[in-house]
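These are the structures, in structure tokens.
Look at the two complexes coming up: chain A is in both, with chain B in one and chain C in the other.
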Partner chain A sequence: MSAFSVTEPSARSKGIAAVLVFLYAFITLLPLLWIISTGFKTGPDSISYPPKVIFTPSIEGYVNLFTSRTRINEEDRATLSPPANFAEAIVRERDMVITGPSRFGERFLNSVIIGFGSTFLSIFLGTLAAYAFSRFRVPLKDDLMFFILSTRMMPPIAVAIPIFLMFRSLGLSDTHLGMILLYTGVNISLAVWLLKGFIDEIPREYEEAALIDGYTRFQAFRKVVLPQAATGIASTAIFCLIFAWNEYAFAVLLTSGTAQTAPPFIPTIIGVGGQDWPAVAAGATIFLLPVMIFTILLRKHLLRGITFGAVRK
Partner chain B sequence: MAEVVLSALTKSFGATKALSDVSMTIPDGSFVVLLGPTGAGKSTTLRLIAGLDKPDSGDVRIAGSSVVGDMPAQRDVAMVFQQYSLYPHMTVRDNLAFPLRSPILNRPEDEIRKRVAEVASVLRIAHKLDNKATQLSGGEMQRVSIGRALVRAPRIYLMDEPLSSLDAALRAELRIELKRIHQDLGATFLYVTHDQVEAMTMATHVGVLDHGRLVQFGTPREIYENPVSTYVATRLGQPRINFLPADLFGPARAGATQIGLRPEHILQGEGPEARVIRVEHLGDQTRLHLHLAGNDLITLSDPHTTLKPGDLLAIRPEDPLWFDASGNRLP
Partner chain C sequence: MSESPIDSLARATPPALAGRIRGLSDRSIAWLFVSPTILLLLAINIFPLIWTIRLSFTNFAANKPNAEVKWVGLRNYERILTDPDIWQTMQATAHFLFWSLFFQVVIGFTLAWLINRKFRGNDFVTTLIVLPMMLSPAVVGNFWTFLYQPQIGLFNYAVEFLTGIPASSFSMLGSVALAPWAIVIVDTWMWTPFVMLICLAGLRSIPDYIYEAAEVDRASKWRQFWTMTIPMVLPFLMLAVLFRGIENFKMFDLVVQLTGGGPGDTTLLTSIELKREAFEKWRTGYSSAYAIILFVTVFGLASIYVKALNKVKER
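Moving on to the complex of A and B:
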């Protein structure tokens, strides 16, 4: 009788696996750790060589991120009243005063509106389209599905110029609506294809039972299909949100003020008063949070979504 | 409760003809059982009545008016699916309440609670009411699915092999329960089964389908005693009817090529001698496998028989059924 078992790996292989997983996690998370730690460094610490792993934390980066400042000279400084709050105090030490809030808040809010707005729209339209493709006899179904997929075959930026011109003549340039429509347009093919797969997996008999139980088709869709497609909808929503949230090229091209999202804004912080890496890193850290939280909240669904077809039946 | 009339129903799926020209009247308060092998069109008939599929031609009338243009919800029918089709994201209680909460019925919650409790106790699933539908065993799922039909009082109950995955004891109990519902409520049933006991004990009428055609419709006794063809004759009877060359026991009736012998058509003790091949003791009955002049046949014997393989047994037909070369019954 050997100690070999099919189901239970040996302690040694478990140990090796643990080390590999830990190493992999460390390597992937290293840039993230670096960004988060840079956000809490002072300006000189952030560019010191060799890089500092151990440092005195400071929230200077975050203060700089959220404020606009201007330099003052020695005499003016003496005339000022004592700093009203901790942010003012930090800024004063660097011979500056706060002149107002920075644009980061609005840009971040733009990202939230455009990212979640386009995700919602992609999922809403995608679910209805996927249901129709899954259940009804749609004329030219296969061709339409291929057409939808084909919009994904070309890098979206390849059509940047036509889109730029279209947006300009339609008055959509630098508007929230324009960006929501654009990201929805890019995401919807992914959404339709993913969701169709999930809805195909739900047996029709459930809807048929609901039809006989006295419900209309739309009510059956809402009460029986949607709850069962929740897993698929959640994982599709994560994919859509990640794309819309991170998108940079179109955001640079099509937005400049009102509707500018965080990705094109964060690099511009660097130009305000020297190379302000802590402020950039602070912006990046805050920018990472919503998608991270959203993904962690839906993590259970995401994992189930990925293995959905494999475990069912 | 209502009379359901099918007239000249035809339905094809692509090149396959699922039903052709089926006409049948399901009288108000009757219990009609559909028999036939897989692919005979039994489930298609249920789906056309329920409105899940549209007939290519023909009409379905419930209580005198055509329902072909109606949505399933408007037809007021209940259906038990072979695959249970319980809503997996709901509890058993919510599954049972689902039809009563529909926009069409929309019963008050206290009535729903009462009705669900009644049905659950009849089907012995009261202790599972707060379980998720997916946490049930096959038999429990089937009972919930029957329950979802029974909470309503529809114009007709359509049931597609509703007792197939239950154990024998529960199946016998529910058979009686369904029969009681049929008798007490005067409910109309259209019921698909493969089980002979269900067909014989529950049905007021039996319809036999063959490749989408209704080949015979009558009382269970008629179907059993006067089948119109060899096909219908094989639908009922345990053990199955034996088909033998028409002239095996002497001169055949004009035009007959085979005779059909059920065990009660075989008289033991006189006639040509058959050899006993095997004796099966089933408890309440004993089956004899016999061999006679190159033909195998099965009949029944007294449960306490002393016959054993190798013995000889004289047999003679009595009032057999005569069939022609294409399997049709001769008068």
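Moving on to the complex of A and C:
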């Protein structure tokens, strides 16, 4: 590069830009930092005025998140044996005893099962369809983008009405399978679109060479195209996973017990007299942290999914 | 090339089946690959849409599946379009849509423009800024109700700290005047990065030589900005507005957690109203008609918009 370029911003303008952008980043991250820190506060610390930035960390929120508790009176407390573990000890300080595990573990597991299940299915079906759309003359090909856009114009609640009726008559209401199929249906048009973009970029010559070498179409797909598309498949998978992980509208309307995921559950965590904010924050932290880490590690690959394929590089 | 597990699996496939797969023509492979996806789309997207259209002409109620279903013709549509409450809902949605898009475009573009100075650490800070939009709107929206608490909430405290207005003197979610802005603030916080990312892609697509040529022609920086930067980023910006517009028109999770439509009906967006009609009042036929009206509205607006977008792109 030349020593002086007319298009290179001056050091001063770079400096000002950096200060402003970092300031914005700090402000925009405050709510997230607040979620993480509230998870480590005690109940009283979490609702103090002015808001506490420096506090003695406590895992009370996490203990409350994973347990259900009940208040006990003075006399009964005297009859209890000493607390068996640290969680019991923390709960006792608030005049309560642990009565069992909370639902959070199950709900989190549901999110994992439904998230990974629907991602696997979307990618499996999506890759096949994307390959066909990319390499063969298939009807509907040109309508694909239009289709993706139009399925996304329908508010989820509107789709939820017939899905609710359909699932009820098929016995799929509140089941993992039902939610996996539903999320796959929502994700797949976008997944096909993104994957088609990735497969389009793999030169056809590679496959043609393989076909000349005596590979069948199927083998060429498996041995030439799939390895080449691996990065694209992985980034599409993460995008599908994040959608299913974050989805709320369908989950709250179509699941209530067995298959309920974490997003509808976390806001319902209540303590004595209103929401138990440290426990809510603890649940939110556990739920949001994997996505934050994924985003930081894989930003470059996520960009295309986030922007619906509008941004190529 | 070493043998992968898939290869050994393929060899384990019975010869007849393997032969059949190998013998498939391109045409049958195309159909084999595409049909499961099409079946799924038909089941989850097309079929429900058709069913919704059908239901919208009836008085069906999903909580009374055994009651007699009567064909009511266009009456549902008539009632919705003449109901003044619907227009109030549309107004609340329009307010939310307009202002959230406005702030996201202004802040998002500015950020992208600043980040495009390519200062040290710009990649790292972009990643940090993107974080809010990757998170679950319901979980984050729920936590914002805590930040918005009068007295103890971080947001109110920040306002007190910066302006001196006492933190306990106002309630962002409880006040009729402030609640519509409270949802705009959270949506802007969450989705500005989206507009920023697309603008950034637009800015980076402008080749350096154009600016170099402009420098040679002694065009001022100001002039360069308005006659080159803006027109070249515009198609990207419009695309971002289209995506955000569609998403915000059907906004549900974030706002239902923040305000649930209240106070009064000041933040009753169309999706929340639809949820009440469909899953609380169980007027399935009526809400199906409502859903179709919304769909047609978005569809119509989006089509006009896409036409405009294509015109801008052609220029």
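Going forward, the second predicted complex is superposed on the first by the 270 of 313 C-alpha atoms of A that agree within 3 Å, B and C clash if a C-alpha of one lies under 4 Å from a C-alpha of the other, contacts with A are read in each partner's own complex, and residues count from 1 in each chain.
Please note the rule applied: a residue touches a chain if its C-beta (ideal position, glycine included) is under 8 Å from a C-beta of that chain, and two chains touch if they have at least 3 such contacts.
Keep in mind the model is a prediction, meaning the values are calculated, not measured.
When the two complexes are overlaid on their common chain A, residue A:Ala89 makes contact with neither chain B nor chain C.
By the document's definition of touching, of the two partners only chain C reaches A:Ser13; chain B does not.
Looking at the superposed arrangement, the partner reaching more residues of chain A, out of chain B and chain C, is C. With both structures placed on the common chain, the touch criterion links A:Ala284 to chain C but leaves chain B unconnected. In the superposition on chain A, A:Leu177 contacts neither chain B nor chain C. Of the two partner chains placed by the overlay, neither chain B nor chain C lies in contact with A:Leu109. By the touch criterion defined above, A:Tyr206 reaches chain B but does not reach chain C.
Touch criterion met: A:Val138 reaches chain C, while chain B stays clear of it.
Once the two complexes are overlaid on the shared chain, A:Ile266 sits against chain C while remaining clear of chain B.
Looking at the shared chain after the overlay, A:Thr216 reaches both chain B and chain C. Of the residues of chain A, those at positions 216, 219 touch chain B in one of the two structures and chain C in the other. Residue ranges of chain A in contact with chain C, taken from their complex: 5-7, 9, 13-15, 17-18, 20-22, 24-25, 28-32, 34-35, 38, 47-51, 125-126, 128-129, 131-133, 135-138, 140, 147, 149-166, 181-182, 184-186, 188-189, 192, 216-219, 222-223, 242, 245-246, 248-249, 252-253, 262-264, 266-267, 275, 277, 280-281, 283-284, 287-288, 291-292, 294-296, 299, 302-303, 306-308, 310-311, 313. Every residue of chain B that touches chain A in the complex is listed here, in rising order: 50-52, 71-73, 77-79, 81, 83, 85, 87-89, 98-99, 102-105, 148.
Interface residues of chain A, counted against chain B in their complex, comprise 203, 205-206, 208-216, 219, 224, 227-228. Listed in rising order, the residues of chain C touching chain A in the complex are 1, 6, 21-22, 24, 26-27, 29-34, 36-38, 40-41, 43-45, 47-49, 51-52, 55, 62, 107, 111, 114-115, 117-122, 125-140, 142-144, 146-147, 149, 151-154, 157, 167, 189, 192, 194, 197-198, 201, 208, 211-212, 215, 236, 239, 243, 246-247, 249-250, 252-253, 257, 270-271, 274-275, 278-279, 284, 287-288, 290-292, 294-295, 298-299, 302.
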